[in-house]
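Structures are listed in the sections that come next.
Presented sequentially are two complexes of chain A, the first with chain B as partner and the second with chain C.
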Partner chain A sequence: MSEIYDIGYRHYDGPRLGRAYSTRALTVHSLRAVFGLGRTARSKIMPFALAVIMLLPAVVSIAAMALIGQRAMGYSSYAVIMQAVLAIFLASQGPAIIAPDLRFRVLPLYLSRPVSIVEYVGAKVTAMTAALFLMVAVPLTLIYLGELLIDLEGPPQTKEYLGALAMALVLAVLLSAFGLAIASLTPRRGLGVASVIAVYLLASASVPIFYGTLISTGNDAAARWAWLVNPFWLVDAVQVWLFDTTPNSEGGYPPGPASAAIVVVLIAVAVSVLALRYRKAASQ
Partner chain B sequence: MNTVVAGITYRALLGRRRIFLLALLPVALIGLALLLRLVGSDDQRSTMLLMEKFAIGTMLPLLGLIAGTGVIAPEIDDGTIIHLMSKPISRPVIARTKFVVAASLLALFAAIPTFVSAWLLVGNEDGIALGFAVGALVAGIAYAAIFLLLGVVTRHAVTIGIIYALVWESLIGGFVQGARKFSVQQWAESIADQISTSPFLTADVTLGFAVPALIVVTVVGVFWTGRRLRVFSLTGDE
Partner chain C sequence: MHILATEGLTKRFPTVTALDQLTVTAGPGVTGLVGANGAGKSTLIKIMLGLLPPTGGSARVLDLDVATRGAEIRGLVGYMPEHDCLPPDVSATELVVHLAQMSGLPRTAARERAADVLRHVGLAEERYRAVGGYSTGMKQRVKLAQALVHDPKLIFLDEPTNGLDPRGRDEMLTLIRRIGTEFGISVLVTSHLLGELERICDHVIVIDAGRLLRSSAIAEFTHATRSVTVEVEEGATPLAARLTELGHTVTPHGRLLLVEVTGPETFDAIRDTAVDLDLCLIRLEQGRHRIEDVFREEVAGV
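So, the complex of A and B:
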């Protein structure tokens, strides 16, 4: 504690809560900001509307199990089917927790406390990861609870459920690291939203073109690699490799751990982009 | 038109690194076209796939969104629009100038790359390249007007625009026939169909509906933006 000049104010003599506490506080604050909690009603509309849309297939699935005794939607395909909603959620809410701090240049203020860059970025990525994980895990858990209560024929699909939860976590880490890395490149929220969704659409729209072209030229083995361009299919490919689920793409994925390696590389790239970006932003 | 306002807007959209966002998609489109040409599938069928799915279906609404909201939404967001509005320039003129800037950027970044990529694949065959370029140009003008209006009406212009482009035009348009009638992409395709004679291209919407609809959307969008700007009040950040 450096004292420049003691002008007689009362000193703080309460407990010093330290870095872990401030990082945790920042994480919780960011997580609340993702859902617009503690902000105006207007900023709650978008995240909650998207969360409700994510829940709809779960409700339909439970109704189908209760009424006709059949599973409407597998656990392993939930995130892939709802990928547009998740992408919009990431694009619209990611910049909301990243952009204001950059735009109003308050980063040096954060860093004047015992929070370092690593902890600041870690808190933001953790918050976004938790939010995305909740978006997928809550509907999955609802379906699983419904399945237990309705008591369908055969054993409950506990393994599939837990596998889907694990993959939801991988997907959330990949999406949030990548989405926040893109969003952090601009201090303007609107531009951040546009760039995140542009990258997602670029990836998802080029898949059918790559796939269709390679199939029509008879390159079936190469065509399977085309799916991995889209992050949602990429994580599904990891799921197929790890848990041996049915692929959600036509024609399957390239075998082996290649997809998992790509996921790890992508996360590493995104984290280093974030590190570089924030090292510069901290000195501004 | 006010040339000073136009110059400022061009600089705001193209200055610094923001031009990369605008250039990303057209570069990807031309890159995909080159790739298709390299693997030897430069036939009309894959050209249609590239044009419909990528050029008209993805690139055009996204660029329309970036350019249309980009000419005005950032200024509203950080409050600098007040400097523009306090000048003795009529608000409808501001709206029209911003619209012209957005539309010209869409012509440059959407229509021309569409022509180039189709031309790379099939040359001037059956007027495909010209048809899609004109379709992209006209639809780009309509998108510029729609998203300009959206940028003035709401702070969440980009997100709402994405939901419109993704959910309405792609998802609902895919299932519900009637929704296709009210989709800018379909209007673009019916214009492309009119110019091109390729058998692979069939439009769902007649030209008699598409052309008036495009004109109405554009004129109403620009006019209403001017009206909104006249009664515009700045609200604080959330």
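So, the complex of A and C:
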């Protein structure tokens, strides 16, 4: 017997969890969206292809350690060498978690619930940060595990590995705050992608121009500052200051904590842009 | 208990005053909020949700002050916006489950509630398809479902029948009436069409240019008027003349006559006159106000 009974409306008297739970759920939801999980197969292609590319040098590095007993790539230079891939990842996936809610005006559905706009933006930035961190941390961890298994001569570079992980987190926070701030300025996803990539290209293309000009005029000390225009070298400069690693730039960076101060200021600027943007979006 | 109460509520934007000294209360059940476009309906809802700070005055929803207990209020109410608000690339189920979690429901409970609520609003198998391919009627149902998923005490429905065809409109209105009665959830529904609200509301609030025009039970809007509509096959003019002679107030209304009732003798007079003039009497009907008429009179009187 198959009969459907209309049991009528049932009230919900189960638990109602707080805003911390909702914010966490939104973070996980957004992190899944970054990698296209729970979406169509087409939206998984880009993030997974980029994740695989990020892993390739780690695989090569492990192979080099196993076969010829030499390190192919230092922990401290991984993010700088792979910067284009990370920039494309940020540009293509950042707008994916920001733009639809603005474009299709989904935001009011969140704001009419207990979660606040600060928690909403916080969840989005956290998700993007976690995604970028994973993109760097997973290959680094693979290399480290490879190093432990292969048992190279000399002690394992645990300090370098942990330092690189810490810097990966700093880089992830800087990139996601900045990338999402730029992406949030337009409700159109394609325009967001183009804006983020344009800012990155501008930043990285201007480095050799500034550096070359300053070097040719014999202004070596000033030339070192040129590297800090690009966020990846900027974070590398912080790494050099904090962990005394080998600089990944020609001629090194300006000494002292200036780069760290710039990172903090940039993150603060990006967060303020996000706050202003979403305060406006929330009042509409 | 009032589900909502405002006291001298004022909201000024740089160029317009959206709400002007609005003092109004509404009890449980279905309350209609009526006004022309730009009368301040949506602004009032946003203040009630604690999303927009009022310029002056105060407002309480479910006995909580909107200025200080906004988050608590938003946990207890549901909101269906007027505009499109659905991302096209997710299914109705995914969206409603996710939004239930945003209201604090644990994942398994969110799934159960979403399935329940989508069934109640009448979405069957299509709820697993991407929202982008839905008709306007289906989208409105998803918007309603997300407002109900956390089992609120009160829901704000902003123009829920917008863009629906007559059948969709009927179904939506029936559903809203069920929410207010069977589901036991109080409803504040806005519309610029009074006729719709007449069918489903217990109470109607009429605002215009941010000011309260009227707030009263639906029965008071549509109470029986002291007039009777008379329809005869032909000879309406001599009938009107004879009745006027007899001292009755008669207003011609197209082919119909509206006769003011002074007592049972009015009905006798109409019957007798029709017989005397040998007219064919088709209809004799007690007149009822429609809220449109009230609204028109009051707007004209302002």
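The rule is short, and it goes like this: the second predicted complex is superposed on the first by the 274 of 284 C-alpha atoms of A that agree within 3 Å, B and C clash if a C-alpha of one lies under 4 Å from a C-alpha of the other, contacts with A are read in each partner's own complex, and residues count from 1 in each chain.
Note that in this section a contact is a pair of C-beta atoms (placed from the backbone, for glycine too) under 8 Å apart; a residue touches a chain by one contact, two chains touch by 3 or more.
Since this is a predicted model, take the numbers as computed values, not measurements.
S.K.: Considering only the touch criterion stated at the top, classify A:Ile197 as touching first (chain B), second (chain C), both, or neither.
M.R.: first
S.K.: With the two complexes superposed on chain A, say which partner A:Arg113 touches: chain B (first), chain C (second), both, or neither.
M.R.: In the superposed model, A:Arg113 contacts chain C only, not chain B.
S.K.: Look at A:His29 in the shared chain and tell me whether it touches chain B only, chain C only, both, or neither; answer first, second, both or neither.
M.R.: In the superposition, A:His29 contacts chain C only.
S.K.: State whether A:Arg39 touches chain B only (first), chain C only (second), both chains, or neither.
M.R.: The answer is both, since A:Arg39 touches chain B and chain C.
S.K.: Applying the document's definition of touch, where does A:Leu17 land relative to chain B and chain C: first, second, both, or neither?
M.R.: A:Leu17: touches chain C, not chain B.
S.K.: For A:Ala282, using the defined touch cut-off, is the partner it touches chain B, chain C, both, or neither? Pick first, second, both or neither.
M.R.: In the superposition, A:Ala282 contacts chain C only.
S.K.: Residue overlap on chain A between the chain B contact set and the chain C contact set?
M.R.: Touching chain B in the first complex and chain C in the second, residues 39-40 of chain A appear in both lists.
S.K.: Touching chain C in the complex: which residues of chain A?
M.R.: Listed in rising order, the residues are 8-12, 14-19, 21-22, 25-26, 29, 38-40, 100-101, 104-106, 108-116, 282-283.
S.K.: So in the complex, the part of chain B that touches chain A is made up of which residues?
M.R.: Its residues touching chain A are 17-18, 21, 24-25, 28, 32, 36, 39-41, 45-46, 49-50, 53-54, 57-58, 62, 65-66, 69-70, 73-74, 77-78, 155-159, 162-163, 166-167, 171, 238.
S.K.: For chain C, which residues are in contact with chain A within the complex?
M.R.: Contact set of chain C toward chain A: 49, 51-52, 71-72, 74-75, 77-79, 81, 83-90, 94, 98-99, 101-107, 109, 113, 116, 120, 146, 150-151, 182-184.
S.K.: For chain A, which residues count as touching chain B in their complex?
M.R.: 39-40, 42-43, 46, 84, 88, 91-92, 103, 185-186, 188-191, 193-195, 197-198, 201-202, 205-206, 208-209, 212-214, 216-217, 219
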